[in-house]
Amino acid sequence: MAADTHEAPADSEFGRVSRTKDVAFRLLALAATLIGIVSLAALLLNVTLDAVGWLDWQFLTSPPHPNPYEAGFLPALIGSVAIMLLIALITFPLGVGAAIYLEEYADDGYLTRFIQLNIANLAGVPSVVYGLLGLGLFVGLFRIGYGSVLAAAFTVALLILPIVIISAQEAIRAVPDSQRQAAYGMGATKWQTIRDVVLPRAMPGIMTGTILALGRAIGETAPLIMIAAPTTVFGAPTSIFSKVSAMPLQIYNWASYPQTEFQYGVVAAGVVTLLVVLLTINSIAIIIRNRYQQRT
Amino acid sequence: TGIFASEGNQINIAGSSTVFPVTEAIASAFSEENPTVNIALSKTGTGGGFGNFFCAGRTDINNASRAIADAEIEQCGNSDVTPLELTVATDALTVVVNPNADWVDCLTVEQLREIWRADGAQRWSDIDDEWPDEEFELYGAATTSGTFDYFNEAIIGEEENHRSDYHATERDRTIVQGVQGSEFAMGYFGFSYYSENPDSIKAVAIDDGDGCVEPSIETAMSGEYTPLSRPLFIYVAKESLTKPSVRNFVRFYMNRAATDLVSEVGYVPTTEDQRDENLKQLETAIEEVTE
Amino acid sequence: MTNEQMTSSETEPTDDQTAPTPGTDGLADRADAGAETTTDRTLLETRDLNVYYGDDRALTDVDIEIPEKQVTAVIGPSGCGKSTFLRCINRMNDLVDAAHVEGELLFDGKNVYDDDVDPVALRRKIGMVFQSPNPFPKSIRDNVAYGLKVQGKDDDNVDEKVHRALERAALLEEVEDQLDSSGLDLSGGQQQRLCIARAIAPDPDVILMDEPASALDPVATSKIEDLIEDLAEEYTVVIVTHNMQQAARISDKTAVFLTGGELVEFDDTNKIFENPEHDRVEDYITGKFG
Amino acid sequence: MTNEQMTSSETEPTDDQTAPTPGTDGLADRADAGAETTTDRTLLETRDLNVYYGDDRALTDVDIEIPEKQVTAVIGPSGCGKSTFLRCINRMNDLVDAAHVEGELLFDGKNVYDDDVDPVALRRKIGMVFQSPNPFPKSIRDNVAYGLKVQGKDDDNVDEKVHRALERAALLEEVEDQLDSSGLDLSGGQQQRLCIARAIAPDPDVILMDEPASALDPVATSKIEDLIEDLAEEYTVVIVTHNMQQAARISDKTAVFLTGGELVEFDDTNKIFENPEHDRVEDYITGKFG
Amino acid sequence: MSAPDFSHDTSRTARGTVFRYFFMLCALLSILTTVAIILTLLVDAVDFFAQVSFVEFLTGTRWSPTNDPVAFGVLPLISGTLVITIGSAMVALPIGLLTAIYLSEYASERRRAYLKPALEVLAGVPTVVYGYFALVYVTPALDTFLPLSTFNALSASIMVGIMIIPMVSSISEDAMSAVPDSLRQASYGLGATKFTVSTSVVVPAALSGIFSSFILALSRAIGETMIVAIAAGQTPRMADLTDPAGMFLNSIQPMTSAMVQIGTGDIVGQGEAYKSLFAVGLTLFVITFVMNLVSELVASRYREVYR
C-alpha cells in the first residue's frame, strides 16, 4: 500500500481532511518499530566498546582464570561447539523424520492434529522446564552424568526439536505437489518420492530452519544450569561423558566475579564472542536460504 | 552413582564460592601444564557441594570455607566416600557497607548480631540513635554456603536464628553490586570480594572486645581479626586418589597454595610448614588407596 | 455529442451542454424513463486521460463526459482498463505505487488531479462499491455508519441516516430486526446491498460500481439492478460490468473500452447496442471476440 | 458466448443470431488416418465406475472401453470429472484421502482395484503427463532416467534408453548437447516434451495425459499434438483436453463427460464431432454451454 | 499380451513400512516429550506435596525454602513473575502492535525487507546477554534518575519486553496481512485516511491474531529465566499493589529465578527445599501450557476466518 499520508494539500473546493493524526500516528509507529532495534544496537555498541582490549587471541585460547587479564574462553567455546554438533546430530534426523511423517504420511485425523498442537505447545515451554526434564530424565533416570556433553545435548535437543520440526514442515509443505505427482506417476513408491523429490527440494529450507534453531540452542543457559553443568571447565571435553561448560554459562559465571574488570571487560569479550558465533551461524542459514531462493 | 564422574582424566570439583577463586587459579595453572586433564569446577556453596556432589560420590574434591559437619561425614560414609581435609588458605570474612555510609566504620559483634539475627533490628537507627532512620538492605550468603554457617556460628550463635529476610545468594558479586547500589545496604562475604572492590564498597572494622580491627591479609594472618578470620579447606575423596590425575592435581594444589597465587586472589597463603604437613597427609592417603 | 467527441479526439474543451438527447427508440426502458428526468449536465469529464502502471499504459487518451444523475455503464473485454478508469475517478489509483496518471479529470469543472485536491476529501464525494461484497466484520449498523463516522458526520441522528441508507439500498426490510448482528452473516446479495447502503449513507454525489453483481446469483443480481436504476434519481452512477445485457438493461449511457485502454465509443446505451459506429464495437458486442 | 447470453436473457429484445459452430473444421484427419492401423482390442474397460470425494459424486456409472494403441480423448465442461476419470486409471486417486472408488476398472481384464493389486506396480505400466510441465530440478538425463531408476530398470544401457525416450518425445535434437543441464532451464514446450520422454522411458503400456498442452503456446502445442499422434503407434494414449479442436485433430475416439460426472457419449471422434447422438453433446460441442 | 501382474513387491512394501514407522516414531517423540516433562515434574512434585500441603503451597505468602522458619508459599514467586509480565507487557504490547501496524500498513516493501529481519534479531539474542545488558548498562543508566535497587524488576521487565517485541509484531503482522485488501479499499473508498483504515478496519479485523500474539508473548515473558535471574534479584516478596513504583524499583524474585537459584546448588539435595524446585516448575509449566494452548486455539481461529 502506498503512503497516502503526504502533507494535506491546500484547500480546494473538495475541502481538506486533516492529516495531523495520520502523520503523528505514522511517526509514532515508526518510532515504535525502531525503538527495540535502536536500543539493542546501542547496547551492542556498548558491549563491543567494552570488549575492546579484552577480546584477543589470549582470551580465545586460554582456560578461565580468576585474574581477569589471564582469563580465557577456550573450554567454553569448544564446549558450546561440541554440544551444538551433537544437538545437530540428534535433532536433524528426528526433526526431519517427524516433519516427513506429519506432512507426507499422516492423515488429517485427531492424532495428527493432537501431535501438531502438542508440537506448537512444546515450542512454547520455558527452557528452564526443559532443564528440569533433563535433570530428571537424563541425569536422574538414565544416569548419563550431570553436566556432561551428552546430557546437555539431549536436553537442549529436546528444547529445539519442536522448532526444527515446524520449520522442516514448512519447507516440505513448500514442495509443489506437482513434483510428488510426477514421481508417483512414474511408479515411485512413497519412500522413493520422499527421498528423490521431496527431500532434495525441501533440504535448503530444512537446513536453514535447523541452523537457525541451533543458533537458539547455542544461547541457552537455563537448561544447562538445571542439569548442573559445571561453573567452570579448564579443558576441552574428551568424550561425550566429559563435564562441559558453554559460552553463555561461562558468561553468567563471570558476571558474578568480584572484579570490575570481569564485569566490564571479560564478560563483554565473552558476550561479543558469543554473538559473533551466533551471527556466523545465522549468516550461514541466510546464505543457504538466499542461494536457494535464487534458483527457483 | 558416579560411574562417569570418575572416568579417565576428568577431575570434578564443587563447593565453596569463597574457595572457588583459589581453586580456579590453581586449576587454570594445572591445566595449562596438563592439557589432557579436564577439570570441571562448580560453585555450589560449601554445604551444597558436600550434600549434592561430594558425599553423593559425584565429585572428587570439595571446596569448603568451614570444616565438614558430622552429618555430612555420615552422608559421605553411606556412599563410601572418605573425606581428606586439607587447609589451603586463611580468609578474613568481611562485613561491608556502602562507601557513602559515613556514620559507620566499626561494629561490635553484638551490634552485628542485632542486625543479622531474626527479629532483630530493622533500621539503622535501631542500633544507634545517631544513625539514619532507614531500613537495612541486607545482602548475605545463602544457607548452603560455608560463609553463612561460619558467620552464623561466629556472630549469631546458638541461641538465635540468622534472619531470613535478606538477599541470600551464592553469587558474591551480587552482594558487591547490591551494597554498592544502596546507601543503607550491608553485606558479608570472603575477603577477596572486598579486596577487589575497595573503592566501591567499604569494609567495616570489627570490635570483638579488644577494639576495632580492620580486615586484611595481615590481621587475618596475625590472628588479630577475630572472630571472623577462618581457615579455608579442600576435601579430597580418598577413593579418588586412585586416579593419577587427581593425585597430581592435589599435589600441585598443595604446592601452589603456599605461593602468591593465593594472595593475589585475596587470601592468606599456607605456610611452608602447613604445606609440608598437607603433602605428608596426602601421600599417606595415596599409599592407603593404591595398595 | 458523443459522436462529436469521438471524432475530434484532439481535445477541445466542450463545456456547453446544449446537445439534445439523441432519439431513444424503445430499447432500454431505463433510458426511456430517464429521458424525462435527467438533465444531461456533465458532472465528470476527462481530457486526454492516460494511466500507466510502471511503463505499461492501461488507459490511452480517454475523453469522456459523464452526465449527472444518470447511469453510465463501462464495458469492454477483460484487462481493457475498465477498473482502472473507475479507480481514477476517486483517485483510488493513488494507492497503487506503480500507477501514474496524466491528463485531466474534471469533477464539476475542477481537475481532481490538481495539487490542491485532497484525494481523501474527494473520495468523500464519491461512493464506491466493489466486485465482491466486502462488508467490515462489524454489525450491520456499524457498517452503514462507518462512512458517517470517518467523515465526521456522526454527530446527530446517525440512526436515522443508517435507516434511510438501508432503505435506499432496499435492504431495510430484510435486516431491520438484526441491525446489531454482523454484516458477514448476510447472504451475498444482502452483503452487496449493505455495501451500497454503506456507500450512500454519507450522501456522496457519485457512486462508482466495479462489477457489483458479478459475484451474485441471478435473483440477487436483479435486485441490485433494480436498485441501481433507482439510485440514478439522486446520484450519478458509473458502473463497470462485463455483462452486456446488464449494461443494456440499466444504463443510460455506455462507454466501450477495448484492449489497450482505448475508449472506442461512448453514446446512449441503445445506440451502442443497436447501431454502434465502430465495427470493433459491434464485433465485441455480438461476441465475435472478448 | 455473448450471443448466448443475449438471447437467453428474457428481458432483452435483441434479435437472435445464429451461433457459429466451433470445432468442426480441420476435423479428425487423425481419426481417418488411424483407421487402418488400429486394432480396436480393448485394453482398458470400466464397469459401473463411480467415484466420490467424500459424499460428492464426481463420476457416475461410467462404462467405457478404451482401445489399445489408439488416442482416446476425454472432453467435457470444467469440473465434469475428466481429471478424476484419468486419475482413476492409474490409481493416482489413492493419494487423495477423500476419494473413494466403486465399480470395476479392468486393465487387460484385471480389475486394478482388486486387493492384490499394488498401485505402485500398476503405475509402472501407465505413464502420466500433467497439465503444467513438472520436470524434477535435476539434469535432463536424470529426469528421463528417473522412472528407470525407481522401477529398478537402470542396470544397463540407461543412456541408450534415455536417448531413445528423448528421441521418441521429439526432443533429442534440441537437447542432445546439454543432457547434464537442469531440466528447469528448458522452455515450457520443451519441458512438457521432457515430461513425456520421462513418462515413456520405462516403456509403459498406457500414457495418460491431462490437458498436456493447456499451459503452452500454439507452436509448442502443435509440436505436442504431432507427438501424441506418433505415440499411438506404440502406446495406448488417453488424453484429457478442454480444447475441442485438439480432440478432433488428434484422437481416434472421444469420450464426452458432462456435468455430474456422467459419460454421455463415447464414439469415434468424427462421429462425435459431426453427428453426435445426444443433443446435450451437440450443444456442448457447438459451444452452447460450458 | 499376458495377463498383467500388479502384485505387491514384498521387499519394497517391507521397506516402506519400516520407513513409515520410523517417521511415525519421530513424530510420536513429541508426545513422549510432553509426557516425560509432566512425569518428571510430577514425580518429585508429588513427593514435595507429601510434605508440604498443596493449599499452603498455593496460598502461602512467604517463600523461604531454606531459612528457618521455612515456608513454601509460591505466591511471592508468582507475584514476582506477574510484576515482570506486566512490566514487559507494558513495553512489548504497544510497541509490538505499533510495529506490526507500521510494517503491515505503512512501510514500503523495501523498508519492510530490512526492518523485519532486524526485528527478528531481537528475539535471537541469547537471554543471558540481555540479562547482562540489563544489569550492567540499563540499571546504572536508569539509576541516574530513579531511586533504583541494583537488582530491580524495572530493567529486567524492559529487557524481557524488548526481547518479546518481535513475537508480538510478527504474529500480529501476519494477522493484519491476512485481512483482505478489499476491506481497506472499502474504507479508503469512503474517504478514510490511512490512520482510520489502520485503526478502524485492519486492527479490529485482525484482533484475534493480535490477541493470540499477546498471549504467546506473555507466556514467553512468564517463562523467561536468565534475564530475571541476573537482573531482577532474589527477593521473594509479595507485590505491594498500593505502591506500584516500589514494585518495579526494587528487587523481586519470579518463579524462574527461584528455580535457577535452587538449581545452581544453593540448596542441598533431596530435601523438600530441593523438591520444591519441581513444584515450582510444575506450576510454571501449567501456566505457560494453558497460555500457549489458548494462543494456538485463538490463532487457528483467525487463520480460518480469511482463507
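Lettered A, B, C, D and E in written order, each chain numbered from 1.
The rule we apply is simple: a contact is a pair of C-beta atoms (placed from the backbone, for glycine too) under 8 Å apart; a residue touches a chain by one contact, two chains touch by 3 or more.
Keep in mind that this is a model prediction, so the values were computed, not measured.
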{"item": "Steps in the shortest chain-to-chain touch route ending at chain E and beginning at chain B", "value": "1"}
{"item": "Required steps from chain B to chain C (each step between touching chains, minimum)", "value": "2"}
{"item": "Chains touching both chain A and chain E", "value": "B, C, D"}
{"item": "Longest centre-to-centre distance from chain A, chain (CA-based)", "value": "C"}
{"item": "More contacts between chains, A-B or A-D", "value": "A-B"}
{"item": "Intercentroid distance (Cα basis), chain D paired with chain B, Å", "value": "86"}
{"item": "Length of the line joining the C-alpha centres of chain C and chain E, rounded to whole Å", "value": "51"}
{"item": "Centre-to-centre distance between chain C and chain A (centres being mean Cα positions), rounded to whole Å", "value": "54"}
{"item": "Chain A residues counted as touching two or more neighbouring chains", "value": "1, 4, 17, 189, 228, 255, 263"}
{"item": "Multi-partner residues of chain B (at least 2 other chains)", "value": "14, 42-43, 52, 171, 174"}
{"item": "Junction residues of chain C, two or more chains touched", "value": "95, 97, 120-122, 124"}
{"item": "Complex interface listing, chain B residues touching chain E", "value": "14, 42-45, 47-53, 56, 118, 137, 142-145, 161-164, 167-171, 174, 177-178, 180-182"}
{"item": "Residues of chain E touching chain C in the complex", "value": "108, 180, 182-183, 185-193, 196, 200-201, 204-205, 305"}
{"item": "Residue numbers on chain B that touch chain A, as the complex places them", "value": "1, 3-5, 7-10, 12, 14, 20-22, 24-25, 27-28, 30-32, 35-43, 52, 58, 171-174, 176, 192-193, 196-197, 200, 264-265"}
{"item": "Residues of chain D that touch chain E when the two form their complex", "value": "107-110, 112, 116-118, 120-122, 125"}
{"item": "Residues on chain E engaged by chain A in the complex (per definition of touch)", "value": "12, 15-16, 19-20, 22-31, 33-34, 36-37, 39-41, 43-44, 94-95, 98-99, 101-103, 105-108, 115, 118-119, 121-122, 124-129, 131-133, 135-138, 162, 165-166, 169, 184, 188, 191, 193-195, 198-199, 216, 219-220, 222-226, 229-230, 256, 259-260, 263-265, 277-278, 281, 284-285, 288-289, 291-293, 295-296"}
